[in-house]
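Labels for the chains are A, B, C, D, E and F, by order of writing; each one numbers its residues from 1.
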Amino acid sequence: MLSVSIVGGSGYVGGELLRLLLGHPHVEVRQVTSERLAGQYVYSTHPNLRGRTELRYSPQSSLEPCDVLILALPHSSAAKNIEHYAGLGQAIIDCSADFRLRDPEAYSRWYGEKHPAPHWLERFVYGLPELYREQIRSTRYVSGVGCNATAINLALLPLVKAGLIDQTKPVVAEVKVGSSEAGAVANDGSHHAERSGVVRSFAPVGHRHTAEIMQAHGLENVHISITSVEMVRGALATCHVFTQGSVNERDLWRAYRAAAAEQPFLRIVHDRSGLHRHPEPKILAGSNYADIGWALDEATGRVVALCALDNLMKGAAGAAIQCLNLMHGFEETVGLEFTGLHPV
Amino acid sequence: MSAQCPECEGTIALAADILDGEIVPCPDCGAELEVVSLNPVVLELAPEVEEDWGE
Amino acid sequence: MLSVSIVGGSGYVGGELLRLLLGHPHVEVRQVTSERLAGQYVYSTHPNLRGRTELRYSPQSSLEPCDVLILALPHSSAAKNIEHYAGLGQAIIDCSADFRLRDPEAYSRWYGEKHPAPHWLERFVYGLPELYREQIRSTRYVSGVGCNATAINLALLPLVKAGLIDQTKPVVAEVKVGSSEAGAVANDGSHHAERSGVVRSFAPVGHRHTAEIMQAHGLENVHISITSVEMVRGALATCHVFTQGSVNERDLWRAYRAAAAEQPFLRIVHDRSGLHRHPEPKILAGSNYADIGWALDEATGRVVALCALDNLMKGAAGAAIQCLNLMHGFEETVGLEFTGLHPV
Amino acid sequence: MLSVSIVGGSGYVGGELLRLLLGHPHVEVRQVTSERLAGQYVYSTHPNLRGRTELRYSPQSSLEPCDVLILALPHSSAAKNIEHYAGLGQAIIDCSADFRLRDPEAYSRWYGEKHPAPHWLERFVYGLPELYREQIRSTRYVSGVGCNATAINLALLPLVKAGLIDQTKPVVAEVKVGSSEAGAVANDGSHHAERSGVVRSFAPVGHRHTAEIMQAHGLENVHISITSVEMVRGALATCHVFTQGSVNERDLWRAYRAAAAEQPFLRIVHDRSGLHRHPEPKILAGSNYADIGWALDEATGRVVALCALDNLMKGAAGAAIQCLNLMHGFEETVGLEFTGLHPV
Amino acid sequence: MLSVSIVGGSGYVGGELLRLLLGHPHVEVRQVTSERLAGQYVYSTHPNLRGRTELRYSPQSSLEPCDVLILALPHSSAAKNIEHYAGLGQAIIDCSADFRLRDPEAYSRWYGEKHPAPHWLERFVYGLPELYREQIRSTRYVSGVGCNATAINLALLPLVKAGLIDQTKPVVAEVKVGSSEAGAVANDGSHHAERSGVVRSFAPVGHRHTAEIMQAHGLENVHISITSVEMVRGALATCHVFTQGSVNERDLWRAYRAAAAEQPFLRIVHDRSGLHRHPEPKILAGSNYADIGWALDEATGRVVALCALDNLMKGAAGAAIQCLNLMHGFEETVGLEFTGLHPV
Amino acid sequence: MSAQCPECEGTIALAADILDGEIVPCPDCGAELEVVSLNPVVLELAPEVEEDWGE
C-alpha cells in the first residue's frame, strides 16, 4: 500500500482527492491537513464521505513522512515551501499553478511576480498524461493542470497533432465554467442569490491559463475567455480554429481517432443524431473523462473544437490520481472508474 | 480508549495521549466536547457560539 | 409628491423598495442609506437600476426629515433607535420583525430577549392589508410582515375566515423558500457551490414566524417548517389542515372567493387542467400578487392550503408599498402593477 | 457470473440499472430491451456509458432466458405479462408498482383498476431490505419500491420501530422531488422553460405511494404531499410526527441508532454545526445511501423526521441491485460503492 | 387607442407581446389567436396574466381588421400568408425570420428554400431601431429581429460605427442562450432532466442569424456559435474582435458612448469594481434593455465585445413594441418601462 | 348573459350568440362546460380525459 497524504484537504480539490483515494485499492490515506479545521472529522466539510472514513484533519505542523504528498493549496503556497514538502513526501503532486510553467519568465509574465523557487520548475513534469505520459512515469514531481487549460488543451490536441491549424489566424477559446472552480471559500460574488443563474464574463481577457496552452501546444496566437454559468462542476471549452488547407469530416475523424487512441480518458463525441451530439460537462460530474468533439463549417474552414470535463476531476484531482497511477506503475485508470451519471 | 458523548451517547474513540482540557468533536452529532477529567475520561459539551448557518 | 427615504437601502429589501419607489408616480425618493457604501451610486449594488437613477447612498448620520421613512435593517436595529427614526419620518414603515408582535411577552419568547422599546409595539399596525386594511389607513406606524408568515397567513386566510379548521388537529405548514430570504450578506451556507440545488431543511422546527401566524389567526396548534430550495426569489407555503365537518370543493370555492373578494393582490389559482393548477412562486417574481389555492382530500378531510408569493414583494417591499399607498390615500395598487413573467 | 437482462432499458431506471450492472463484479449484462430503439447502442440514450459497453438495445421479442430479469417498465406492463417474464428469468425484480402491494383490494383502491394477476402478489417480496431483508434473501420475486414511499418509510422507520408515534395525530409527509421521477418521456409539464425553477404542488393529496407506507408501517393516519422542485435527481421527505409521551434528543438518538444498526445504506445525519446538519439529497446523486435525521420541537412534541435519497438509486435501481445481491448471497453493498459527490 | 391583434398568441413571444400590450396606455388588444387553444382563456397558458384580462384565444379564421397585426408564428407561416395578413392589419410587425433579410438570395442560402413572397422583402424594415430608427418611423411593415443576431449586432455596434474592427481577422461570436429561445413546444431535448444544467453546443456552426449580422453591419468575416446554458430567458453574446491600429480604454469609452447616445435601451456596463462589471442577462429578464460592454487585451488588440439581453424582450417582443411606438409616434419607451429585477 | 359553473359556482359571461352544444371554459376553475340548454342557459361539465400533467 502506498501511503498518501493530502495537504489542503478541506478544499474542493482536496475533498475530491480524498474521495478518490479512499476508493483506491493500492493507497492508504495517511493524513489530510487543514489549519482551520484541525481536529475535525473530514466529513464535517465533505459530507459525502460520512460513513466512509473516520479520518480527522491534521495541522500541517504534524505532517509525517509518506510515499506521496499531494498539495491542494492556494496559489504560491506550494512554491514557497517546496523544500519542506520535498522532505516529507517521496513524491509530490502539486495541484496548484506553482510548478506548471517550465519557464520562469513566463511565470513572472503571467503571475506578476518572480517564482519563489525557480530551480524547482525543471524538476516538475506537467501532469497531462495525454502529452507527457512517459515523463510522468519516470518522475517524482508532477504539477497539476489548470482546469480551463486542460479543457482547451484537450480540445485542440487532435488538431495540433494533425497539423491542421492555420496559425496565422487567431485561435479563440471560450470556456464556460461552474462555480466550484473558485474553491470552497465564500465571497460576495459566490453568494447564491448573485451567482445563481448567471452568464457572467469572468475573465474575458488575460486569463493565466493561456500560458499553459502556449507551453503545451506551442501556439502563440491563442486567445481565451472564461464565462461563469449556472453549474457547480464542469467546464466546456469551445475553441474556434481555422484550418490550413481544406479539411473535411473524414479528415477530422482521422485526427480525432489518432489523438484519442490509447488515451483511456479521452472519448470522441460527435454524433449525427440524438441529444448528445457534442461533448457536455453535466454527464461528466465525478468522472475522469474528457469528452472531445468538433463541428466543421466547410464554407469558411472554421472548426469548433470542443472539450467537456469535470474541473475537479480531469481538471484537477482526477488528473492527479491518473499521474499517481502512472508514477507508481499502477493501471492508469485504477480508482477512476466512475463513469458519470445520466440523467443528472 | 473511549468515552461517551453527553449529547448523543455516541461512543468516542480517544487517543491514548489525550490531554485534560482538549477539545474533541463527536463523530456522530458533531458536538464539540471538552475533556474535563482523565481517569476515567469524562467529556462535557464545550461552550459553543450559536452559528448562523443559513437564511 | 411624498418624500420617502429608505434606511438600509443596500440590502435586498432595500433594493426592491427603491425599484418600486422609483416607479411610483406620487413618490420622490429622498435618501437611501448604507453605512458600508456611503457615497457610492445605488446601482453599484442594484445593477437593474442603472440608467434609472443617479442617487448615491447616504450614511444614516446625514438623514434628513421626510414624509415616510422605510426601515429595511437587520433584526433589532429599528427597535433600538425607534425614537430617533420617529423624529425623522412623519410616518414609519419598518420591514424588520421588531414591531410585528403586539405582545412583548410573545416577543421575548420567540426572540429570546426583551423588546428594546415595548411601549412602541401598540403604536404599530401589522402590515398585512388583507387583515388590517382599515387600521393601516389610519396609522402612522406600520410594521412589515414576515415573508414565510405571510405565505402561511394568506394560505390559511380563507379557511380561518370560513371557520373550516378543526383546531383540535395540528396545522402543519411547510414553506419552501429561495435564497434571497437571507439577505445580501454572503456566508458559508450561501456559497453557490454549497447552496445551489439544495433541498435543505433550514428551520424544520422553531421558526420565529410562527408567532405572527398565531397572532394573525389566533391559531395555537400550528407547526411550521422551512426548507430551502433552488430559487432566488419566492416562497410556497403548503399548509395541511383538517376540516371540521365534511367539506367539499364548492364549500372551498365559496370560502376562497369570500376571502379574495376586494383583495387586489389575492388571486385564486385552482385549475382543473393545464400546467398551472396550483399557485407557484416562479411566475410571481417581481409582482405583488399572492396566489392562493388548495387541494382537498375528501376521504380524510385534509385540505392542503397553498400560497405562493415573492418574498421580496408581497413578503416585504411590495407589502410595504401597499401599506404606504393605504396610509396616504393612494390607489392601493399604484406602483405595484408589474404582473410577473412567463416563461421564467 | 450471473446473467441479467433489463426490460425497459432505455428509461431512467433502466439506464441506472445498466450503469450499476456494468460495474458489478458478479454480473454479466445479457440483454437490454427497448422497442423504440431496438438496434441502437445503449449509449445513444445513456451518454455516460459511452466507452463502457458496446451493447445495443434488443426488442422484447428477442429476449432470451437469463438468471435475473429486471423489469423497468411503465405501470401495469409487468403485471400483464408476468407469466411470460417468469418463463424467461429464474428470478424477477420488477421496479414498477405492479407487485408492491400485498392486498389486491388495496391495489384496486389506489390504482383504480383490478390487478391483472392478483395471485402473483403474494409471491413477491417488497424490495426494501431495511424491513424485509430475510424474506428477500429467500425469494425469487422482488418488487421495487416507490421512490417517495421509500423516502417516507425510511424517514419514519426509527420512530415506528421505537413505538414513538402518537397515532391519534396525523402524520404529515411532504416530499420534495426532482424531475427524473417522471421518467424519460417528455411532456408539456417537463418542458424546460416550464419545469425549471418550479416549486410546484404535483400531488398535494391522493398520491398512490401512501398505500406503500400504510403497508410497510401499519400506519393509518398518514397524509402525503409531493412538491416538484428544481432538481433532476433526489427526494427529501419531511415528515411531521407527534410523539406519544415526552421524548428528548437522547431518546431519538437511541431510536435512530437502533434503526440504522446493521443497515449498510442508512446514515444518520444530525449535526450540531456546519452546513450539513440534516439529510440532503444533492450529495446523494448516484449513491445508494438513504440519509436519515430529525429535528425535535420539545415544546410541542413534534418530530420532523427526514430522509434524503436519490430516487433512481435507493428509490429504484440501487434498491433493486441491493435486493439482487441479497437474493444471490453476494455482499449486500457490492456494485453500490459510489459515495456521492461534493460539491455538486 | 390603437387596436392591435396578435397572431400566434399562445407561444412565448406571443405571451410576452400580450403582457406588454395589456400594460400599454395607447393600445387596446383586439384579438389573440391560437388554433390549438381557440376558446380558452389566454391565462390558461400565460399564467402571469391571470386577473389581468378576460381575453380568450380566437382562431385565425375569425380575425378582424385592426390597426396593427403582430405575427408571432413559426418560420415561414407569415411569408406564406402575407397578403392575407396585409389585408387585415393597417400595419404589420412580423416577429419571425421571414422578412428579415433584404436579399432573396441570402434568404435561399441560409434558409435552404426560395422565399415564398420575395417582392415583400423590400417593403419590410428590419426592426432594430438602433440602426433603422428613421425607416421604422415611416413604414407600415417591420420585421422582427433574431434574438442572437440582436445580441451580436448590438455588441458589435460601437466598434463597427467607430471603424475599429480589423476585418481581415475573423470576428468570432459566442452566444450563450436560455431555453425559451426554442419556443413553447416540448421536445426530447427540452425535457427538463435532459436540458437542465446543460452547457450544450446547440449551433456551433451554421447558425442562420449570421445572415442578419452580415446584413446589418456589412461584415463578411463573422463566425457565430450558440451554446445553450441553464437559463430560461436571456442571451449573452461574447464577440471576439481584433482592432485595426492600437486602441485603448479611452478610445473604447468614446466609441461606446457614441453608439449608446440617444438610444434609450442601450446601457453601457463597464465597471472597474463590484460584481456587475460586465453585461449580464439575468437582471434583464422582462426588461427591454440591451446592456453592452467590453474587455480589452491591449497586448494582442483583442476586444471582447459583450451584449446581454432578454431574448423575449429586446430579442423579440420588446423590440416589436419599440417599433410599434416608433411607427405610431408614441414615446419610444412607452409600455417598456420595467427595469428588471435584482436579485433574481 | 351569464350562467353559473356547476363545478365552482363561478359566474360565466356568455356571448349573446351562444349555441346549444358549445363548449366554454370556466374562467375560474378551468372546467370545460357544455351548453346543454339555451333558455335558460344551463351548463354541464363536459366529459374530460384526465390529463397526465406531470411526474
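The rule we apply is simple: a residue touches a chain if its C-beta (ideal position, glycine included) is under 8 Å from a C-beta of that chain, and two chains touch if they have at least 3 such contacts.
Since this is a predicted model, take the numbers as computed values, not measurements.
List the interface residue numbers of chain A and of chain D, divide the shared ones by all numbers used, and answer same when the ratio is over half, different when under half.
Counting which numbers both chains contribute, over half are shared, so the two copies meet through the same residues.
Consider the two chain pairs C-F and A-B; indicate the one with the greater count of contacting C-beta pairs.
Counting C-beta pairs in contact for A-B and C-F gives the edge to C-F.
So what's the Cα centroid distance for chain B and chain F, whole Å?
68
Round to the nearest whole Å and give the separation of the Cα centres of chain B and chain E.
62
How many Å are there between the centre of chain B and the centre of chain D, using C-alpha atoms for each centre?
Measuring from centre to centre gives 36 Å for this pair.
So, what's the distance in Å between the C-alpha centres of chain E and chain D?
Once rounded, the distance between the two centres reads 45 Å.
For chain E, which residues are shared contacts with two or more other chains?
12, 44, 179-180, 184, 188, 193, 197, 230, 232, 275, 280, 343-344
By the touch rule stated above, which residues of chain B touch at least two different other chains?
Counting only residues that touch two or more other chains, chain B contributes 30, 53.
Provide the residue numbers of chain F that touch chain E in the complex, in ascending order.
For this pair, the touching residues of chain F are 13, 23-25, 27, 30.
Of all residues in chain C, which touch chain D in the complex?
169-170, 172, 174, 176, 188-189, 193-194, 197-201, 204-206, 223, 225, 227, 229-231, 234, 236, 238, 240, 242, 275, 277-282, 295-297, 300, 302, 304, 306, 308, 343-344
Can you check the complex and tell me which residues of chain E touch chain F?
Touching chain F: residues 39-41, 44, 54, 56 of chain E.
Applying the document's contact rule, which stretches of chain C touch chain E when the two form their complex?
Residue positions touching the partner: 12, 15, 19, 22-23, 44-52, 179-180, 184, 232-233, 267, 269, 271, 273-276, 280, 283, 285-287, 289, 291, 337-344.
With touch defined as at the start, can you tell me which chain C residues reach chain A in the complex?
It is residues 12, 178-180, 184-188, 190-193, 195-197, 230, 232 of chain C that touch chain A.
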